[in-house]
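Multiple structures follow.
Shared chain: subunit A. Partners: subunit B in the first complex, subunit C in the second.
Let's look at the complex of A and B:
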């Protein structure tokens, strides 16, 4: 009976496992394989390169810049969009007029395609005719060359990303908030707990599973969402806003260097796995699943 | 009985139709659009005309984004076994496409004397990027040079003669300063000039270099000359336009929004592809002029834009049909129509001899500026591994314009790295 159960379980898992094998694990292995070969040119077969591609990577200043940009990008967008998402969720969870309209308004940026949004923001950011500089002008501040100044290009990308992502994460928080038990809040009210105390000791801990989920997703997105770069900066000026995945795309499709692109992908993959493990380790201890 | 006969008839008809469909040659081509305006409709219209004249050829023309996207899509299609017999791609992709063994030269496909003659019918400057080792790999289609658009009303306002745009680097700096308009707080309301430095900075730089009497690379595409003294001087001048003369804003200037800036009179002068001409003409609410780029040692601009390429993976019939299509698309009448609709150049002298384009040039003289500039034109930066080499130069230019590096140092680095990449070829 037990054995039959086992077989049954494996059979149930098989379809998903096959899909994962075909579309996740197999590509991972081929990527590793490609990263130790030189790129094939024309009809000649690719030659074994050993660790040459990795040596090239260590010597490549653009790679290091893209990596550090990406870390800053994650550091800038992840906490901010999560905090904003939580604030918005708390706000639209309360009993206020026009609640549905407000929820929809917050969620709209998520529904729009990234490329379309970036095309609009490109004009927001344009120095002479853009919305942002007009606003600055109204309060008497000098304009900024948002995407053309290396100090501002990356923060400008971050700003748009936070705007785009916060609404999405808000939905998860909102769902979690609505599932929280009223009893606990009544008990807190009876005890005379302040709003802040209730939030800190009751709401926040109960939302921890959602926070982990959102955090993992936000960190992943910080590394895999680069659609807007194609429109806004193309990684420029002078790589000031280049991110790892965009650099991989450039190598694979602009430079036709699939080997180096594979090498960069291996690094990105290793980075993401490490980050995911770290997050699970660190946060799991502070989560109370019910 | 009747029923059976009907069935047989239907069967016979089906076979007939099927054989008719087989006699058709189907072509797939990808093409890019890199400037604004509804250019896809223009291309679709031309393709429809071709199909009407050649009912035995069926053309599937696919709009594929900018030049980079078009190349990626066409090559991806080929690799995955999808048919593509020809495409419009960046004229500077030629070395890379040859290295990938993806294209055949037109010399191998033309057969008759008339067809060989046709190969010689285009402007020589437009053939520079398409000819390697004496063989023709690309036929010019959507080709451009960089021209200078200027706002005549701004010129009048600044006390300048609107019929005398700057003809030299010194004049550009000098007039540019007069054209800058500031409000009461000292904020700039209108800049003197803008040269775009995203998207295709190397292209604009190629113009400055040519004006200073130098070219960026050899025609075999395995040597670059990024750090010659003329180049350093050219890049210094570009930087000085913003940091010394304050004619241009500091930092990089976005290629994609520059036309809008010009149309909203936020800059009195812009350097841009002639492919924008018709869009500017249709949208400018002020009197504007178009002129050749200013000279230093001489006039100069690189050519730019897309060529027709023939892919290797095609049957002889398909190649023949593809050649027919290319001949149609670049024929004087079609080239004239295309030039009027977009601002791109008529690719052959014969195109400018057609009644349509002659009349258009007469009623709208700016349409001839790009052509007149052709005699000073040079090839656009094209090398082996062009994407990587181009990025090296782009990064150097942007670093200098942003004040992160000095021209000499930045160009030295770019040259050293480019030479390392090209040493294999």
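Let's look at the complex of A and C:
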């Protein structure tokens, strides 16, 4: 009976595990494998390359630029969108006129495809007639070549990303806020605690698990979401806004160097696995809260 | 004093809300007016539907929409089946290595299919599935998020219900179908909405794996449509964009309460 049960359990897991094996575990392993070979030329089998691809990577200034861009990109978008998300959630959760409309406005960017909003934002950033430069003109400032200037291309991407993501993270905070106990707040009010004090000493600590969860998700997103690059900058000018995953795409499907793309993927995976270990720890901690 | 802060805070909230909705409002403005009003904002500018007509003729939107529908439908159908079975096994069946399997499943939350485009493309071309709907859908059919969500929900179902159903002679799959699935309805709705909106908007993998309009979803079609090389004008791009996001946006506006609640439900687990 027990053995039959075990068989049953494995049978139920089988379809999901097969799909995970084919599209997550095996590709992870073959990525490692391909990163130590030269690209196959014609019908000849690929030659073993040892660590040559990794040496190439260390000497590749574009890789270092994409990596540092990606770190700056994460640093620029993650804290800001989390702070905005928290503010939005507090507003929408409190007594404010037109709560439903506000919630809708904040959340709408989440529902729109990145490609679609990038098409619209591209117009905002256009040098001559774009909306942003017209606004600058109104207050008498010179226009900025938002996407064409190497100093502004990455910040321009960040700005749009924050706009796209904040509403999504707001939802998690909102869910957490609505699950908080009313009694605690009544007690705080009885004690005569100020609004700021209540927020700092009560709300913020109680939201800590949510903040950690959102943080990990936001960091992951900063490395896997590159759709807008295809529309706005294509990683340019001169790689000033290139990000790791976009560089992987370029190598695999524009330069047709799948070995180097695999090597870059290994680096990105290593980065993400480091984050994954972090996340497992956080999940363990979350269980204590329940 | 508190009244002033309250007023200021309300004003800030509304300014931010306005900023957040502005791009969409602008898209409507540009799409509904003739080209010369794309940067001139006059209340009485003449309205027109020409931009929508032109956009509609310049790209096979019907075909793209159908492709998106088929792809998201395929993904959702298989996700629901696979995740239900796996979620139940992980929640309620005792077997060796359960903890390890669960950890392996959760690994996909970090090592997402997006990262593995290079290898997955080679797998698909080996299977001769490049440029097919099935090819776009395959890597997403087993979802760690779905398995996790359903496992957590199934764990909250009282064991007594299962025992009672077994006494009445229900089979395992019967119990799953008649006891667990109905009780997890809110989770299914939440997961379904999150999954559909995610895959409706997904871009990178479909871009890699599709080559023709026969399998290309809306997002990829939109990127080609809006590319500067194609020389299409602003108002027409805006109109095309609105056509593309229209169905999901309409669905969202009508069911916005359910949408937001579903995302919250999925986020709480």
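In this text, the second predicted complex is superposed on the first by the 255 of 290 C-alpha atoms of A that agree within 3 Å, B and C clash if a C-alpha of one lies under 4 Å from a C-alpha of the other, contacts with A are read in each partner's own complex, and residues count from 1 in each chain.
Keep in mind that, in the parts below, contacts are C-beta pairs under 8 Å (C-beta built on N, C-alpha and C of every residue); 3 or more make two chains touch, one makes a residue touch a chain.
Note that this is a predicted model, so its numbers are computed, not measured.
K.L.:
For A:115, decide between first (touching subunit B), second (touching subunit C), both and neither.
P.N.:
second
K.L.:
When the two structures are overlaid on chain A, which partner does A:253 contact: first (subunit B), second (subunit C), both, or neither?
P.N.:
both
K.L.:
Comparing subunit B against subunit C, which has contacts with more of the residues in subunit A?
P.N.:
C
K.L.:
Going by the contact rule set out at the top, does A:236 touch subunit B (first), subunit C (second), both, or neither?
P.N.:
In the superposition, A:236 touches subunit B alone.
K.L.:
Scan A:20 for contacts with subunit B and subunit C and give back first, second, both or neither.
P.N.:
It touches subunit C, and subunit B stays clear.
K.L.:
In the overlay, answer first, second, both or neither for which of subunit B and subunit C A:149 touches.
P.N.:
The answer is first: A:149 touches subunit B but not subunit C.
K.L.:
Return first, second, both or neither, reflecting whether A:123 touches subunit B, subunit C, both chains, or no partner chain.
P.N.:
In the superposed model, A:123 contacts both subunit B and subunit C.
K.L.:
Examine A:135 and indicate which partner it touches, taking first as subunit B and second as subunit C; both and neither are also allowed.
P.N.:
Touch partners of A:135: none, neither subunit B nor subunit C.
K.L.:
Kindly list the residues of subunit A that each of subunit B and subunit C touches, one partner per complex.
P.N.:
Residues common to the subunit A contacts of subunit C and of subunit B are 122-123, 129, 231, 253, listed in rising order.
K.L.:
Which part of subunit B faces subunit A closely enough to touch in the complex?
P.N.:
Answer in residue numbers: 68, 72, 96, 99-101, 185, 187, 191, 197-199, 249-254, 256-257, 260-261, 264, 266-267, 385, 387-388, 391, 394-395, 398-399, 401-402, 404.
K.L.:
Could you pull out which subunit C residues touch subunit A in their complex?
P.N.:
Subunit C residues touching subunit A: 2, 9-10, 13-14, 16-21, 23-24, 26-27, 30, 38-39, 81-83, 85-86, 88-90, 93-96, 98, 101, 103-123, 138-139, 141-142, 144, 147, 172, 197, 200-201, 203-204, 207-208, 218-219, 222-223, 226-227, 234, 237-238, 241, 244-245, 248-249, 252-253, 256, 259-260, 263-265, 267-268.
K.L.:
Name, in rising order, each residue of subunit A that touches subunit B in their complex.
P.N.:
41-43, 62, 122-123, 126-129, 137, 140, 142-143, 145, 147-150, 231, 233-234, 236-240, 250, 253-257
K.L.:
Mind listing the subunit A positions that touch subunit C in their complex?
P.N.:
That would be residues 5-6, 8-10, 12-13, 15-20, 22-28, 30-31, 34, 84, 87-88, 91, 96-98, 101-117, 119-124, 129, 131, 134, 163, 166-168, 171-172, 174-176, 178-179, 195, 213, 220, 224, 226-227, 230-231, 245, 248-249, 252-253, 258, 261-262, 265, 268-269, 272-273, 275-276, 279-280, 283 of subunit A.
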